[in-house]
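Below are two complexes that have chain A in common, paired first with chain B and then with chain C.
Here is the complex of A and B:
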């Protein structure tokens, strides 16, 4: 008797339309990966670098999208997790000579574990206390990165971070490394796509729509919430592991609290809870400033202004806006297929 | 001992500033469930506006101060409520919280590009001297901050508890639905809390800027400490915000003096985490019933 009751509710109606939409998502991912593989050929070093940076930030935003968009948790430490991943990879590859793949795995594992340790006490109390705990954590990490010179190089940062190789093939060039980033980002996006589609991912969504009803359906709310946060943090760790060899030099500033706020802005501007939202959000946050170069330092104001207007017009962000436009074009009403 | 007393007074002074920001934050939270992530920038900007008014109109300090303050209260009290909060509140807390983050970026970058990236001197109404109390050198500015801040908080308490308007506001904060049934103009009361929030930020800004200087990045630290203060004290309570502010200010001052200057920021944060784990509703807070 419970099944009809759930199906009559609004979130269930949206879930019904999901498979068709999501296959479209996978096709989009594949097509985008192919385009991105070839696109930078004529763009020069800097253009290629901006594209790679966009993808790397997309990975971090993807993780935060899982935490915020699917599980409804406000994490204010995504940039800090990215910092942990970046510093771990930088130290392991440049100081200990470990290869990048092992460092990448360790970075993900490390951020996943830290996420569990941080989330467990916070979520034991109340979901929105995670925001406060991650706020504190974010500042603490930034302090450690800045003050522990013997390990992190302090404000001078770490330099000479080596780029990975692929079966003996050196990936030192901008284009070669860009293609590597495309492949890794694509794989991470597909893993997330699969996760969201699995029964496990459905549980996340149920959690976001109505935590109390989810609990009454037998979902272990606390465990799922915690896992969503830890996996989201691990994605930030992966993003950091890609970021360090991309820029080849890291210092504490890109991992500050305000950067975590910025990542949150990207999630919501791109569309929280949409699988492709992070790519749009990171496009707005990373590539738009390049187009707004003519505005000089005003670009941040313009970006923030666009986000505010966008949220007033459409709180679902760009993806919500696009979906609305698409539905109007095809004469559909609000996902009724 | 003399040193300790000096640090204590300095801590109470900065704590009073955090308390002013935190009280406004909790008022806005209570009446409209709005988390204002731009609260630190609300304290940073009035000082910049005052300096801008003085520069633009060549006005004397008092006139510049009046113009800057009036402009701020109008734009970030009334305007913030009408232009940002009203159209977004029906979409839930999250888009609104993100919008206030965007607002904080606009305010910060606006102050940097529209005024100056350098820290600017801000006129003080109190001589920059120290007096000696029990052998401790106490800054007159600190004493003035404590006196003014407590006078303002006292005035606010009297207003909220002792006047009809204030009691209507309190009723709105506690339960908007019942307040509406009782015939209280809820919308006007909510607007009033936003104006009071802006006014408290103005007071904090004018008090702290002679010491911190007027700088676009001041909001980051003040905002962070105001949040910690509100959470430590219990953020459904005005009294809690006051106690939280003072605790955070004193802890911060003592940490800087006796623990480590490079990790002074960490000490209030650790305090925050401990309070969340041991007494999640805050030191002075009531437990909130779970809403389904």
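Here is the complex of A and C:
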């Protein structure tokens, strides 16, 4: 079994005489949040928007990373869950006038509950068969979003989705909303960081590595399978709740099956099972194509080429590559996730 | 030492770039070059490139050459928004595109906030009903086209009942929602309402449904490739009732793909290189010579979009972004003033268009225009 996620960084933290619970991952998250708070000041609205979109997609990828990277459950429904969260938030805020925070919580609860239900097939089928079950679910949600026009606006989508405010402070501007996204993403990442370090995280990893041995050690594999699905789905719901006010318009296309494949690619390219992997994966998926725009019509070909080369060079994704480099520098043999 | 020279040269170039840029006017086209809208988007892009090349060859706009940049939206609303935002941040003079209505809906507020004209290819009726003063169509909206079709079905085809076959995306659903009330108004019964999927390969079941409805005519509102597949399936099922459509059903691509099955198809056409207008045919020849295929209506729309910007700039005699929208709103562009507009076009206050359109029929594998319909408000 792989060593638990967090312990290897602890001795270094002690050397710096920091509290034992602080590790490199947490410090990275804090530093990144501070940088991301200030970085867009010199950028235009476009750069700020792309950064926000990157963070929002990172939240969805974080959830899938928990389901796939930590618990080893292959799901193709992450974009569908993101859609449920986005539509729930859009409808609650724009049609019912509920505030964003309540809508955010409801979106998370709703996707958690649906994820819990979808987790049941995962108790009976594994690997490709589970992927097919989630594929069917994804198609079903997409059909509902597209055909139930009375509720979802159908193919015309929902427009004029309001952005939240913070204690009376309006967050309509690109920079203000970006900072809001930074804070929410940071909080969600810290919760996940805590969860991975906790016995839950170790149980999820045990589930991925060897479910039979995990069961023999007294881990309730049934409960943890369901929880991995439900929590992963809730993160997609949270991402959707941020996506709707960011774009201020939603239609079914960003929540289709192909987007679920794209999120899966982000998990794999970023490094499945690494806490910072989703951020790197979403950077590759959202920001890299934007950086490659200078290449004109060739940009998607170059993007596909880079991803293929990356996965050939390092099947563990970018995080695996970075870890290997770090280990070589420090002379370590093991890996920390 | 060598390094210093390189740095100095690079600095010198950087300083001189803005001076060069002053001789150009930048236009950014935000369009579907990949994803579901790639066919329409590529036609639109090629039309724009053709117009830019023509205008630049003749000295540009008010003496400035046009610098055109294309950004792919991947037919995704979030990416479209990013691309439109980038276009505005980079100082585009006007935003051209996108073509699909969903991505237009996601990005139109950005151009509106920046008070920059956005010239789009979308036909969905709802786009111009939101009070956006900076959004302009380059084609007739479905609300303008459908009454003409209902009238045609009633007066010429003399249909008492019609089967409606549509593609379930923003384009098809918009058309379906616009035609049904018009059929009702004309006293025509809806025999059957058939929704189909974008990218659908097999239309046999849909053709059987239509056949069993025993409708007097069939109104087909699908994308190009799907139109061709439906026509082939209908022929296989032995459907002989009149097939009536709008622009796409009679397009060059459909005729090419459907072969014999396209013969006899009739309908309303907003823009067609086969229309009896020399400027249209001239455009068609130039497009074919440059890209080696026949332009559809999206190619013409892209071409006209650039000329709408040119006309508005020359009319105001200066480069004023907000002024482009103000000048276009409520204007009538005559071909005598701007030949590149190809046909006299009136831009209504809400960004909709009014211009002549055509009735057409496919005969022996070719689109033949049978009548020219006048403007709604001549």
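The rule is simple: the second predicted complex is superposed on the first by the 297 of 337 C-alpha atoms of A that agree within 3 Å, B and C clash if a C-alpha of one lies under 4 Å from a C-alpha of the other, contacts with A are read in each partner's own complex, and residues count from 1 in each chain.
By our rule, contacts are C-beta pairs under 8 Å (C-beta built on N, C-alpha and C of every residue); 3 or more make two chains touch, one makes a residue touch a chain.
Because the structure is a prediction, the values reported are computed rather than measured.
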(request) Kindly classify A:129 by the partners it touches after superposition: chain B alone (first), chain C alone (second), both, or neither? (result) first
(message) One more residue to check, A:300. First (chain B), second (chain C), both or neither?
(response) both
(request) Would you sort A:155 into first (chain B), second (chain C), both or neither based on which partner it touches? (result) second
(request) Considering only touches as defined above, state whether A:315 meets chain B (first), chain C (second), both or neither. (result) first
(request) Tell me which partner A:140 touches in the superposition: chain B (first), chain C (second), both or neither. (result) first
(message) Looking at A:26 after the superposition, I want to know if it touches chain B, chain C, both of them or none. Which is it: first, second, both, neither?
(response) neither
(request) Would you check which partner chain A:290 touches, where first means chain B only, second means chain C only, and both and neither mean what they say? (result) second
(message) With both complexes superposed on chain A, which partner does A:121 reach: first (chain B), second (chain C), both or neither?
(response) first
(request) Give one of first, second, both or neither to describe whether A:212 is in contact with chain B, with chain C, with both, or with none. (result) first
(message) Show me the chain A residues, by the header's touch rule, that chain B contacts in one structure and chain C contacts in the other.
(response) 146-147, 297, 300
(request) Report the residues of chain B in contact with chain A in the complex, numbered from low to high. (result) 37, 84, 87-88, 91-92, 94-95, 97-99, 101-106, 109-110, 112-113, 220, 224, 227-228, 231, 262-263, 265-266, 269-270, 272-273, 276-277, 280, 292
(request) Would you tell me which residues of chain A are touching chain C in their complex? (result) 44-47, 49-50, 53, 146-147, 149, 154-157, 159-160, 243, 246-251, 253-254, 290, 293, 296-297, 299-300
(message) Considering only the defined contacts, which chain A positions touch chain B in the complex?
(response) 68, 74, 121-122, 125-126, 129, 132-133, 135-136, 139-140, 143, 146-147, 212, 257-258, 261, 264-265, 268-269, 272, 297-298, 300-301, 303-305, 307-308, 311-312, 315
(message) Under the definition above, what is the set of chain C residues touching chain A in their complex?
(response) 33-34, 36, 70-72, 75-78, 81-82, 85-86, 88-90, 101-102, 105-106, 109, 124, 126, 130, 168-170, 173-174
